[in-house]
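Please find the structures below.
Paired with chain B in one complex and with chain C in the other, chain A is shared by the two complexes that follow.
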Partner chain A sequence: MSRRRPLLLIAPAAALIFFFVMLPYINVLVMSLRMPGSEGKPFDPGFGFEAYAQFFTQDYYLSALPHTLWLGIITTAVCLLLGYPLALHIATASRRWRGILYGIVLSPLLVGIVIRSYGWTILLGNTGVINKTLKDLGIIVRPLKLMYNDFGVVLALAHVFLPFMVLPLLSSLQGIDPAIGQAARSLGASRLTVFRRVTFPVSMPGVQSGCILVFVLAISSYVTPALIGGMRVKTTTILVVDALIDQFLWPFGSAMAFVLALSAGLIVIAFAMLTRMKWK
Partner chain B sequence: MTEVSLLSLVKSYGGAPALRGISLSVGHGQFVSLLGPSGCGKSTTLRCIAGFEEVTDGRILFDGKDISRKLPEKRDIGMVFQSYALFPHLTVAQNLAFGLEMRKVPKAQIAERVARTLDLVQLTPYAERYPKALSGGQQQRVALGRALVIEPAILLLDEPLANLDAKLRDEMRGFIRDLQKRVGITTIYVTHDQNEAMTMSDLVVVMFDGAIAQAGTPEEIYNTPSTEAVARFVGNANILDLPAANPGAGTIDLTLPGGASLTIPAPEKPAARLGIMARPEQIALTGAGQGHLGGRVTRRLFGGGYIDYEIATDFGVLAVQTPANVLADEGQAVGLLLDPARLWPVARDAAA
Partner chain C sequence: MRLAEALLALFRVLVYIFLLAPIAVVVLASFNAGNFLTFPPQGLSLRWFVTFLQNDVFIDAIVYSAVLAALATAVSLVIGTMAALYYVRHAGKEAETVRVLLLLPLILPEILTAIALLFFFYQIGVGLEHRIALFTGHVLMTLPFVFLNVTTSLQGRDEACELAARSLGASRMTAFRRVTLPLIAPGLATGGVFAFIISFDTFGISFILKGTGSAPLPIQLYDYLRFNFTPEAAAVSTVSIIFTLAAVVVADRLFGRKG
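After this line comes the complex of A and B, so read on.
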């Protein structure tokens, strides 16, 4: 009885994961191996690698994949660069300030992703707040291209996903004994050296989970690239939705989704191995 | 080896002073303990010496040189923290090498000095382990080794044994003291445990409320405390109100309630209220009607090598500790024998 109890306890979660995560995944994999349809049908009988062959031979679709991964990496880097100083500041702030800053970091999550992304179009558009102000001030003549390009998409993605970088960093930084930094200084390390040799490496678990989280969220996001990129920034996620919903190409869309998931998985594994911590 | 002088250190946070003029000089290779209850300023003093707190006023001298405005990394100190503060991402050997790398010591020399220090703290077999895989006592020794390997001017220890269990604490106490003697490094040790302070130190500095109450050898602090508070902090003490006494030249003649009279040394400084201190083990039991005072045993606690008695007398309840072979039953009438040479006048606390 007592031995079987843990199994019993994880059963609901396991069932949930099986039916709502594993089964759809398997379904996507199976669908990607079906024959592409003809005469308006989503797929034809039989199995094969047709859909994959279509994907890997059409440059329009294939080229979106590295671009999507690249946007994910840049977004992650921007979040890390912006989020680390922020997390460090919050972690060392007084108790009262910590609460206030924590709330501010979390506040974007209270607003839906559509609204947040749409907010950026008001700021970044050709007749948006930024361009209009610069024009009125006579600083520019023609509007700056701030959206419908990678710049706008990365900016908006970084804003949307910053909390997912800050929160793991914060919990990692708050777990560090402040005496460690003092010990390093007593041993002759300057403030900068303490950060480089002690604080940053010890906060690595937070860096790792924050980066993985933001990367995975960024490459799979649809709403933000669609709204800010205005279909002029081609990401695999947008193409997958297009293939599945608009063009009715089920095996092809599934194959593309599966290749994206596999590439993202490989990048995450490579990153985790590169930043492996023997001391944990 | 370095001489450390503190000249009227003052530290205040906003309004309330945490240190109110600490002056102290620590000789070459001495082991000094700062002893006091929490909040007395002992840790603040240590942190000022280390440079983690900036002094509000006063100076800190290492071998006559003022270092009070230097950054911590420029002070040449080795410090051991209560939490050990080991670098979790570095192995034991890398933890030890850290300070040497900061000093730009050549690689070959680092390896040699780390190996020598690992041997000193008996951790050679654990060189490649990470701190997480070590016991509390081993982590403690890594912290000591890391502080010592850089051969600092002084060694600062902030309650280093507080997180260890009782048996290990006793072991480490001896270990640290032996190591300090062998290395001959000037050491300042912060603790709230009077036992640690007395067994390890050349000099014990008792602090209360941001000021030094008394500084002296462990024997001086224990046998001739200056105030009641010091007497009580460093051990059990019976403090008797001084009955009518005739102040003599350097001595006080004392008449006890039972009629017996004693001559004890007079205090160095005049005090508003004087008391006499008698340590429990300095009072002997004798037959009823004998000795200086009569009393009745109200409690007997067997402690193995000794027995703790509580005895009700005309002076109030006194604690008496005797060898385990001195037996008296609860309720029995006994006589108490005081040793005039060991009685000591102390200033009574204002509140007492």
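After this line comes the complex of A and C, so read on.
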């Protein structure tokens, strides 16, 4: 058996990833180091940190960065809070229920992003289901502002990324031997103590990967904040797309994208160190 | 303690409702008899489904999306399965690198990948002509799902069966076709369904790379919803959801039990 043959198996995938992911990304990195264009051109000849300087000196763009990261952190926290009880529930459910609950948890992923956002619009709008119901019941007089703000965006983001929190949690929880909990209980530990001292520590790897996944997905999402935020919620990702596609500010938009990626990377590393993540 | 447990159970039910609510609301709204999207519906009717079926724009978009998804899935299935075979059987020390590379399109932000591809295709002089960029983007988005699913089903089997077939005189191709392929069929089916759904629903890649002319369904729906608020969009969405569910159910019936 020739040694070259196995390499033929990976060649198409490797070529695809190299030419259409790695090269284009390197190209964007190079673009961020080009000179911002003048007279309607996307960029000028020469290289420098001009585009980065532009980003850090314009408050309109700079202020969106902490806000984006903050939205990401809140979304992650909400997902953990909502997802943990679900994961515990599914891990201990009977076989038949497990399939159904699993399906419900995965359901946001089976419906396209436009349709999902459309559903939220019907629910959260000023004349939407929730506001109309509350009004009919006489609880409110004026409609609550549920979308076109941070609240709506976080809600919609948490909805779609919840599966990415529940699945890693579930796989780490399913590894726990129920006997450990029973032993602790028989030795006099309360349910809460069992959770705090046994269940939660064992599920830590799931918490870590779930949080990192949700955070990264949340700060880089574009369609949900654009549709639910109605352009009133300004995130760095939205500004990047706006700069690159609508304004032809190629070096500037590229630089902004890399600052976002770098800040996100730093937060993920800090989180991993704080929770003493063990890298595989 | 009883109270705490009851509260926790209530909380869980609320979260499950939260997960299903936006989808349920769209499906319910599509049967609305009124002219506008109101809730609860003003009587039940299938009129918006009829309107939608007479609207060439949406029919074209659904066909376009389905063809694009089918082609992208076919290419991903071939490339992804080959990569999975390499990863499980031959990668050795580079296994982790191979895995990360194959999952890159999933890990990197879709909208940024789309923009990177847009620049790239313009700089090599192809631009958005002939939908090559769009198609490449869809293959990239679907590839990780095929790779993940086929890898999982390959890891459960060892190479012994295929080697036995080879030692009995089967050619490499025959051994793969008659032995390995049937064994990994469930993984291929699940991966294929995932790939199809992802391609059918993906927005960022299509939004940036669609070029001129007809557009995939999510883009058409997005354009429509910017100016209209009739239940027709809900009818289109319901059909799209049924499409997706049908794909999942068919794959599950065909292969789910065996896997």
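The criterion applied here is as follows: the second predicted complex is superposed on the first by the 254 of 280 C-alpha atoms of A that agree within 3 Å, B and C clash if a C-alpha of one lies under 4 Å from a C-alpha of the other, contacts with A are read in each partner's own complex, and residues count from 1 in each chain.
Here is the rule we go by: a residue touches a chain if its C-beta (ideal position, glycine included) is under 8 Å from a C-beta of that chain, and two chains touch if they have at least 3 such contacts.
What you see is a predicted model; the values in this text were computed from it and never measured.
When both complexes are overlaid on chain A, the residue A:A183 reaches chain B alone and has no touch with chain C.
Looking at the superposed arrangement, the partner reaching more residues of chain A, out of chain B and chain C, is C. Of the two partner chains placed by superposition, only chain C is touched by A:L101; chain B is not.
By the touch criterion defined above, A:T193 reaches chain B but does not reach chain C. Contacts of A:G37 after superposition on the shared chain: neither chain B nor chain C is touched.
Using the contact criterion defined above for the overlaid structures, shared-chain residue A:P143 touches neither chain B nor chain C, since it reaches no partner. Residue contacts after overlaying the shared chain place A:L23 against chain C, while chain B stays out of touching range.
Once chain A of one complex is fitted onto chain A of the other, the partner contacts of A:P205 are absent, as it touches neither chain B nor chain C. Residues of chain C touching chain A in their complex: 1, 8, 11-12, 15-16, 18-26, 29, 37, 39, 78-80, 82-83, 85-87, 89-91, 98, 101-102, 104-105, 107-113, 115-117, 119-120, 123, 136, 139-140, 143, 147, 197, 200-201, 203-204, 207-208, 217-218, 221-222, 225, 233-234, 237, 240-241, 244-245, 248. Put simply, chain B touches chain A in their complex at residues 50-52, 71-73, 75, 77-79, 81-83, 85-90, 98-99, 102-103, 130-132, 143, 146-147, 150, 156.
Contacts from chain A toward chain C in the complex involve residues 6-7, 9-10, 12-14, 16-17, 20-25, 27-28, 31, 82, 85-86, 89, 101, 104-105, 107-108, 110-116, 118-120, 122-123, 128-129, 132, 159, 162, 191, 216, 220-223, 227, 237, 240-241, 244-245, 250, 253, 257. Interface of chain A with chain B (complex): residues 177, 179-180, 182-190, 193, 197-198, 201-202, 204, 277-280.
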